[in-house]
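One structure below.
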Amino acid sequence: MNYNTNNTSVRLLISCHDQPGIVSAVSTFLHQYKANIVQSDQYSTDPSGGMFFMRVEFEMLDPDFDITMIRTAFTEIGLSFEMDWRMELASRKKKMAIFVSKEDHCLLELLWRWRAGEIDVDIPLVISNHPDLKEQVESYGIPFFHIPVSKATKQQAEQEAIQKLHEHNIDFIVLARYMQILSSDFVGTFPKRIINIHHSFLPAFIGANPYAKAFERGVKLIGATAHYVTDDLDEGPIIEQDVLRVNHRYTTEQLRVAGRNVERIALAKAVTWHINDQIIVHGNKTVVF
Amino acid sequence: MNYNTNNTSVRLLISCHDQPGIVSAVSTFLHQYKANIVQSDQYSTDPSGGMFFMRVEFEMLDPDFDITMIRTAFTEIGLSFEMDWRMELASRKKKMAIFVSKEDHCLLELLWRWRAGEIDVDIPLVISNHPDLKEQVESYGIPFFHIPVSKATKQQAEQEAIQKLHEHNIDFIVLARYMQILSSDFVGTFPKRIINIHHSFLPAFIGANPYAKAFERGVKLIGATAHYVTDDLDEGPIIEQDVLRVNHRYTTEQLRVAGRNVERIALAKAVTWHINDQIIVHGNKTVVF
Amino acid sequence: MNYNTNNTSVRLLISCHDQPGIVSAVSTFLHQYKANIVQSDQYSTDPSGGMFFMRVEFEMLDPDFDITMIRTAFTEIGLSFEMDWRMELASRKKKMAIFVSKEDHCLLELLWRWRAGEIDVDIPLVISNHPDLKEQVESYGIPFFHIPVSKATKQQAEQEAIQKLHEHNIDFIVLARYMQILSSDFVGTFPKRIINIHHSFLPAFIGANPYAKAFERGVKLIGATAHYVTDDLDEGPIIEQDVLRVNHRYTTEQLRVAGRNVERIALAKAVTWHINDQIIVHGNKTVVF
Amino acid sequence: MNYNTNNTSVRLLISCHDQPGIVSAVSTFLHQYKANIVQSDQYSTDPSGGMFFMRVEFEMLDPDFDITMIRTAFTEIGLSFEMDWRMELASRKKKMAIFVSKEDHCLLELLWRWRAGEIDVDIPLVISNHPDLKEQVESYGIPFFHIPVSKATKQQAEQEAIQKLHEHNIDFIVLARYMQILSSDFVGTFPKRIINIHHSFLPAFIGANPYAKAFERGVKLIGATAHYVTDDLDEGPIIEQDVLRVNHRYTTEQLRVAGRNVERIALAKAVTWHINDQIIVHGNKTVVF
């Protein structure tokens, strides 16, 4: 969790090859630039020469600090360690678009947490391939765009969506039970920036109708998986998973109803972590700090 | 749970097509034969004409009751409803064989619960394809048989095991991390009477090295599945599943170590339910009462 | 779970002293009256002479059955076993009143499940001691009554509430984070029919500010408890409890935010079970079938 | 978890008032002394001037490093920030004493994990106020001392125990269901170095017979709490808690049996964290990194 959203709060995320002196260089840099480290997490895949990941949260002591200047100054360290890095102002609200179809539970969970102040984000628009949830979305004061999708119009629909997303300077997209498979083009436009909720415990029950498959297999737990979307269906980096105990009495429909609770909780966690810059994607995995 | 192991305690398990009057017929029969119903569970797959499953636990009021006579008397009801049924004395201890390879955690969990009186069963023997655990098993006063298995000797080794199992009148077998795939012949000799612990959340990561696969996939939960063994590898009826939260810091080896706890707990539950006649297998699923 | 809400679906709940022949008498009665038992649960506190509890769900084969006639007919059995019993039509929707103060998470969870059809109930009104949630409640088409409470007006406010509840023939009341302690008079008017959500794992942290107390004590799990309200504050029969893992990083405020999720899930379960007639209260405990 | 037990692996634990420059000073020091930071965790109670806690795990690049020299060198930093700190060689095995009475489940869990290499510790002795578990302990090659305790002999028995503990240079003590209350003197001799497992979810059911109390209260979850022992009974800093779902069917005895599993898992986790120097005690709370 992260509630340090002062105007002076900054997050630094780093991926690079492991090597001596990284933490020292970073913390000394921050000390020089009058930053107080509030939290620092790191992870090495293999202490004897693997990858190194780090997330530092710091407070600038000078409220009139210039983030651009600090970023520029940090470039040197970034280059010397060949880092992949970014520095984010906690006070800058990300812009999140929500894609939804007909089922409302994941959407409403996000909207409700957003209104309660639990999710600190801007939601400039919701896009749906169905008109059903228009009224509900608009009751939250959020514009709703109905972009129908058929086999014939899919490419055009995606272009229309992309245009809307660009118009609103969207930072990332949440598929809150959006029942369309996005094209490679679309996914490539927002790399590591589309979060999906899959209604099973991946990699079990990949693809359509996981609850029907879970019923057939007679599982004793059902799950949900929030993951970043890549070209491979349901194979993107997993952010969060959760399960729920069920038994032989559950019909497919009852599995579906029970599963909604795991879906919305898992998705809300993943979205919160993404917003708080707590996730680093490496290959097909996530490091969640 | 079931701790009614008085000498007068009996369990009746029934599967049949759903139809009116079953509960009435059964409970009236029991009342006539001076039995007090202590617990009764039932489940219908579909009230409008599917399968019906029932488990009744009852106490005979006459301590000198004759179970054979009661079984014979019940045959008529069984026939009239075309039931698949069995009536078990709670006081008759089942005979359980344990198969193990080198890893001891599942074995020791069972032996410890057995000695603590949590698992009410006889253990006439432990069979292993390795000699490593001989001393530990024998310290519990249980005979240990080392039956090595190679590709060439597999059939012969299984025959030797079957002979030992028959000699000891074994009721059911627990594969407590036994790292050999049993032949169809072996499995067919003990239908619905072999319990295996698979070290993943089935149907995810079927087959060998599930922890390595879980590491590769970057899952956030690992699991274990206790199931009856059938001819299809890791596809038999699931009895119990459990999971454990992990994160990016876990190496394959650490997943393996952490997973042991889920494995032994899930297996111990499945074994307990089997011993207490709480499981009815129907097709590829279990009803656990 | 229970989704058998056909017009022919009936639930029978029984409490009495344990004695032979109860199940037989009940099931034979149902068979005679052309009812098919769909599910049956029972529990004996002590097989050798304690209390006996039973819940039977049955379908009447004749769609034009007369529930009053069946209730009358069952009276004889009830008397002979000195039963405390009731027979409920699954198709009769209960009328639920919700009491709320300013926090909306429990309220919205219930309203959302109600609109999604997960909670099969009528909600004729919401009562609050604050006006804040008026608009939200009314957007669901449910009347909202603001009845302010001060020390001076408490008795009068409760009388006003009772009158409203009687006017709407309310069956039971849910305190969805209603931050007022109800008087003995009020509680006595709705015995075993008021469900409260307490924001801790009772009996830990009884009374006000449980999250502050949990923070002080440095607990590693926080919980919520749904219970029936009695005269003893936070001492009524527990229906459901759940917990959530936390750590040293959580402030009191963050415990509060995290706790909301446990509260709403635990309360929603308790309400669902009450609606489905799955709960029998005995002394200060509940039997949940 | 922590498996970095190379001979070059060191852990540094720090508590002090929060102030700018700590991380920078520490990491620069480590870099100068040719140490590679493998993991680093920190926590500030309040970024604007509370307490600061840090745990750093580092590898010395020179295998012939001198820990005494490094400790001496670090003293200056420790003084300048007024730190409470310690630096531990991961390769130095701690010496753990186990106290037990008659119940063996927590004891065996620890012994088993110790033999399996999951708990990297020396166990020079087990002390018990009963002789029952002597044979089991000795089968692990560990000396067992029976020190009976009565009201009259309590002080003398504790002195005898303390002498044995000193003789064996014990680092910390685990009360694995030791059913005696230790005196202030004893506790004061091993401050923050005695770990107890309490068989309830503290602060619920403080004191004796928690399962009987849980039964009386009709709780739906039972728990266990591992904590450091202080003078206040069951009020010491909590290290770990866990719970298990139960229902109305559980008798007090069945709660006790079920509870064993939560007890041993929670205790094993707490012991592992203590061994790996992952716990910092601050006031009546723990920071677990």
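All chains are identified by letter, namely A, B, C and D, in their written order; residue positions are counted from 1 within each chain.
FYI, a contact is a pair of C-beta atoms (placed from the backbone, for glycine too) under 8 Å apart; a residue touches a chain by one contact, two chains touch by 3 or more.
Going by UniProt, the chains are A, B, C, D = Formyltetrahydrofolate deformylase.
Predicted, not measured: the structure shown is a model, and the values here were computed from it.
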**Message:** Looking at A-C, B-C or A-B, which one is a repeat of the A-D interface (more than half the contact pairs shared)?
**Reply:** B-C
**Asked** Which whole number of Å gives the spacing of the CA centres of chain B and chain C?
**Response** 37
**Asked** When the centre of a chain is set as the mean of its C-alpha atoms, what distance in Å lies between chain C and chain D?
**Response** 42
**Request:** At least two other chains touched by the same residue of chain C: list those residues.
**Result:** 43, 249
**Prompt:** Touch graph of the chains shown: is it line, ring, star, complete or other?
**Reply:** complete
**Request:** Flag every residue of chain C that touches chain A in the complex, lowest number first.
**Result:** 1, 3, 104-105, 108, 112, 116, 118, 139, 249-251, 253-254, 257-258, 261, 265
**Message:** Show me the residue ranges of chain B that touch chain C in the complex, using the header's touch definition.
**Reply:** 4, 18, 20-28, 30-31, 34-44, 47, 59, 61
**List of chain C residues in touch with chain D within their complex** = 43, 201-205, 217-221, 223, 237-243, 247-249, 284-288
